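Attaching a single structure in structure tokens format; questions to follow.
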Amino acid sequence: MVLDRGFSYLLLLAFFFLILFSTNSFAQDPSDTLAPESVTNVDAFDTPNDNGHSITVSWELSSDDGAGKNNVVVYEVYRSDSPEGKFEKRGMVPAGENTFEDQGAKEKDNANYLPSHKNFYYRVRAKSDGLFSDSEISLPAYAYGQWYHTGKTPVLVAVILFSVFAITFITLARKGKLFYIRPLAGIEAVDDAIGRATEMGKPILYIFGLGTADMIATIASFTILSRVAKKTAEYQTPILIPCYDSVVMAVAQETVRAAYLEAGRPDMYKEENIFFLTSMQFAYVAGVNGIMLREKPATNFYLGKFYAESLILAETGSIAGSIQISGTDEIAQIPFFVAATDYTLIGEELYAASAYLGREPVLLGTLKGQDWGKAVVIFSLILGALAASFGFQFFINLFRIQL
Amino acid sequence: MRREVPLLITAIVGLTLIVVYFVPHPPFSDLRDLFSDWFGVIAAFAIYLGILSLLKINVDKVYRKKSGWGFSIVTIMGFLLFVSVGLYEGSDFGEYGTSYYYLYDRIYYPLMATMFAILAFFIGSASYRAFRARNLEATVLLLAAFFVMLGRVPIGYYLTSWLPEGFRMGSLADWIMDYPQTAGQRAVMIGIALGIVSTSLRVILGIERTFLGGE
Amino acid sequence: MGFFERLLKIDRRIIFTLIGIAIALPLFFNVSMFVETTPVVKGVYEVVESLPEGSKVLVSFDYDPGSMPELQPMAESFFRHCFSRNLKVIIMGLWPQGPLQANWALDVILNEPDIKAKNLRYGVNYVNLGYTAGNEVVILRMGSNIHAAFPADYYGTPLDDLPIMKGIRNFNNIDFVYNLSAGYPGTMEWVQFAADRFHAVLGAGNTAVQAPLMYPYANTGQLVGILGGMKGAAEYEVLADRPARGVRYMFSQGIAHAVVIFFVILGNVAYFATG
Amino acid sequence: MHPSPDIGIWIGGLLTLGIFSFLYGDNPYYKFCEALFVGVSAGHWFITLFWTVFIPKLLGNIGIAIHTFRTEGFAAGMSDYMHWSYIFGGILGFLMILRLFPKIGWISRWSLAFVVGTTAGYYFINYLVSNGLMQIQKTILPLTSVGNIILVVGTFCGLIYFFFSKEHKGAFGGLARVGIWFLMITFGASFGYTVMSRMSLLIGRMDYIFGIWLGMIR
């Protein structure tokens, strides 16, 4: 028993030695009785690219940090509003680091308030376990806000570039220039699907998913609905739209009413066919499932923002024997739609479909602008990959964004 | 009033938020937080609107004794139960040990988790029905799914345990996830980014206005 | 209608039933033969196994109920292992929900007959220090003084009044640190601060999604080992020779996957057989 | 078998079974659970928003503004726009509710316009940065390993597929075709990967029924 325990202690000891050797951190010198050397060249300056309530402090490491006595554990940073005043602790960083951002609050009533345009003095304390030494006091520094964030230039360039593309092609389109847009399988299927519903004498089901009216996917879907509704008015096929969001419902009602008016069949419009179901994800799914199984619609459209319910809807729709056309920009759900529906508008294709079906030359113009953006992206990819292969780092740095 | 004011609001708010991104100086830096809080408040009202519509429909059903009005009573009772207990508990209603937490844990959570779990069954039937090698694209889809699934189960391990490490099913699955899967994902993501940028721009410029509905 | 045509039109309730059985049935068996153990999990197990009785182990719970199916079995098997080896367990959390997760795991383990027989006492054999805000800075502060980071435990008792905390000042007095993590702050921060700066002996349990990002640290020895997802949990239970929830979950998941794969194959066979 | 003595566990178990009964077909048991679910989730939303948005954000900020006006006077109050301006948020939110009244419902377009403008502004930047520039940056890799080449070529061909203003013909069409294959691998692999996480949810529910509730597993 005694031997056993002794043996396990030995093992443990051996184990710790192993760990210590393997991490090469054996330099812990037994000089704990001496304070580490203080840090030098303490410099305080306004933190760049911020709203003006933060000062950055930098210094040169103590000579006992990573070398010498090697006993620095942390650096503590102290601040005061006068060199003689009382210094209060603002925070600490572990040994090996030589900057600290003194981030204050912007609200006056906050205890951590750090006013702009007021001078402060800093001091850094190098600390070992129990002992410490202070640096000299820094020159005064004050915080102020900047009008432009220099780290975000790549984004600004991209914003300008893409906006110029879009506006150029919108202007060209307004002047009457027509642009070629290739056919998309899902869009081609729309007209056929409505025709099929007419032949079968069954309704069409249009689902926006769980998106609210402000989401881009929902906005794209409104445009597509406007076109689909016009067709259904021409073919005299009823269209059912159970809604998840009451605002989406109101907009959908107005869109469909306008489309029927445009098709010259305002008498066909039935407001009760566009109704609010519930705004609870799975309760909504259950409700839509019920409609599918009862009404057996000829065609189901799933266009908009979808989450986990995508597969349940698509599977139930296939039980009901409907043709299904889907499209979403929710990447995680695209696989389910691709696997379980007949046609899928993949991500960007959904927005393209909306521009395409909107039939306005201006919308097609922005699509053309979008393609120019894509060309720039592809070009940078190829150029960047080649540059990186030959060891040029500058190209990657062009895309580096400071957040 | 009905059309111009909303379009103006959209344009001003949208442009401001783009500018705010580049300008750290106040008051711009504050606008970001302010707008997102307002957004939260409006979105909360929109959800309350949904709840009101829901209650309206259900009360209506009970009042007119439409089919299934009994279930509407269940809905209304469930709503009242949670709201009354939640209001009574106060702002720390969600903490462990409160009676609201008990209701959440024993009623809401089982219902929600089971709804999600039902997906597993549908995945089974979808993989039976939909994963068929109809054409080249479908076959590629099928094979990728097949290898990734196989790479995560013991059978996959036993089938290929005779191969040297790094060539087994698990490594193949990881490789598919890390390279071809990531490549395709990036193409989709970049495409969506460009589409959103261009659609947002259309919205801000007032070209895309269907969200306001017809006139 | 031929056999394959009928197979193509099979009622999906049959598929649903098979999936239900495939998931539920394996839960009744503690079959550990399908779990092959890997060196990264063995790393954690062997360190705990090598600690002498009375050694002090720190466990940080850095997750919330969202990751329970994966991480809770890990917490339970780790507690079981520590208590059966008479180690002293100090619990803390960098996530607000963490200490609560620890209490749930304690509830399960302290009621198991062989552990219950040991009559373990709070404050002597184990303690829950609770949650402190500050993410990695908390780890940093613990590096110089644990009492400064946690002045009192989860129930408000000052640390000095707890026998288990006697003689514990910083990581030098802790024999092993174990971290259960589902994101930030989590394993990455423990590696960078506790292991790299203060030379703590560190092991971790992660969700399946996060684990691949942490494997490099296990290769360099910054982590003695790591448990990844349900499979990692199952492996640990097999190593400790106490198959429990992790093994059952893993078995069930394996069978369910196999059934889905079987359906994919069957669907294609029927599709091609009918032309 | 040792069923749980806790009545709450029984309720949770019975509700779980009720939802599962949908797999067989629509039935009154399921309908009951669904109706309850609709009600309690509406209640849960109501309470959560009440205590996390309305009280702290709306009333809290306006309350602070009123306090400032009272104690520090009008000028100081006005300069504290971060608080009093919340009243606008409140008004815009309230206009949303007017949808319920068809006659004046159109005025809720103002709030919708604000919400749409906010989303458009946020999305414009956020997607450009994290879905666009960041992804491009990650894909600029030296073509020195098979993996890197696949990453660059796959992303390249995938983007070619998304070209709308050029016909998919000839070499361009060939690249787009390769792009579709990459997309299909992506979708197949994500499907396979998601199967795992969905299954673990179901495992959790089954363990609840047979373990925690009925006490048949241990």
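A, B, C and D label the chains in the order they appear, each numbered from 1.
Basically, a contact is a pair of C-beta atoms (placed from the backbone, for glycine too) under 8 Å apart; a residue touches a chain by one contact, two chains touch by 3 or more.
Fair warning: this is a prediction, and the values are worked out from it, not measured in the lab.
Trainee: Write down the pair of chains with the top C-beta contact pair count.
Mentor: Maximum number of inter-chain contact pairs occurs for B-D.
Trainee: Farthest chain from chain B, comparing Cα centres?
Mentor: C
Trainee: If you average the CA atoms of chain C and of chain D, how many Å lie between those two points?
Mentor: Using C-alpha averages as centres, the distance is 28 Å.
Trainee: Averaging over Cα atoms per chain, report the distance between chain A and chain B in Å.
Mentor: That pair's centroid distance is 14 Å.
Trainee: Of all the residues in chain C, which ones touch at least 2 other chains?
Mentor: Within chain C, residues 12, 16, 20, 23, 253, 256-257, 260 contact more than one other chain.
Trainee: Can you tell me which residues of chain D touch two or more of the remaining chains?
Mentor: 22-23, 34, 37-38, 41-42, 45, 96, 99, 112, 115-116, 118-120, 123-125, 128, 132, 136, 139, 152, 155, 159, 162, 183-184, 186-188, 190-191, 194-196, 199, 201-202, 204
Trainee: Can you list every residue of chain A that touches 2 or more other chains, as numbers and ranges?
Mentor: If we look for residues of chain A contacting two or more partner chains, we find 155, 159, 162, 212-214, 216, 219, 246-247, 250-251, 278-279, 282, 315, 331, 334, 336, 338-339, 346-348, 352, 367, 370, 374, 377.
Trainee: Any idea which chain C residues touch chain D in the complex?
Mentor: 13, 16, 20, 23-24, 27-28, 68-70, 208, 230, 245, 248-249, 252-253, 256-257, 260
Trainee: Quick check on the complex: what are the chain A residues that touch chain D?
Mentor: So the residues of chain A in touch with chain D come to 154-155, 158-159, 162, 179-182, 184, 212-216, 219, 246-247, 250-251, 278-280, 282-283, 286, 290, 293, 331-332, 334-336, 338-339, 346-349, 352, 356, 367-368, 370-371, 374, 377-378, 380-382, 384-389, 391, 395-396, 399-401.
Trainee: Mind listing the chain A positions that touch chain C in their complex?
Mentor: 5, 8-9, 11-12, 15-16, 19-20, 22-23, 25, 73-74, 92, 94-96, 127, 129, 315, 319
Trainee: So in the complex, the part of chain B that touches chain A is made up of which residues?
Mentor: So the residues of chain B in touch with chain A come to 18, 21-26, 29-30, 43, 46-47, 49-51, 53-54, 57, 112, 115-116, 118-119, 122-123, 125-127, 129-131, 141, 185, 188-192, 194-203, 205, 207-208, 210-215.
Trainee: Where on chain C does chain A make contact in their complex?
Mentor: For chain C paired with chain A, touching residues are 12, 47, 50-52, 140, 143-144, 193, 197, 199, 201, 221-222.
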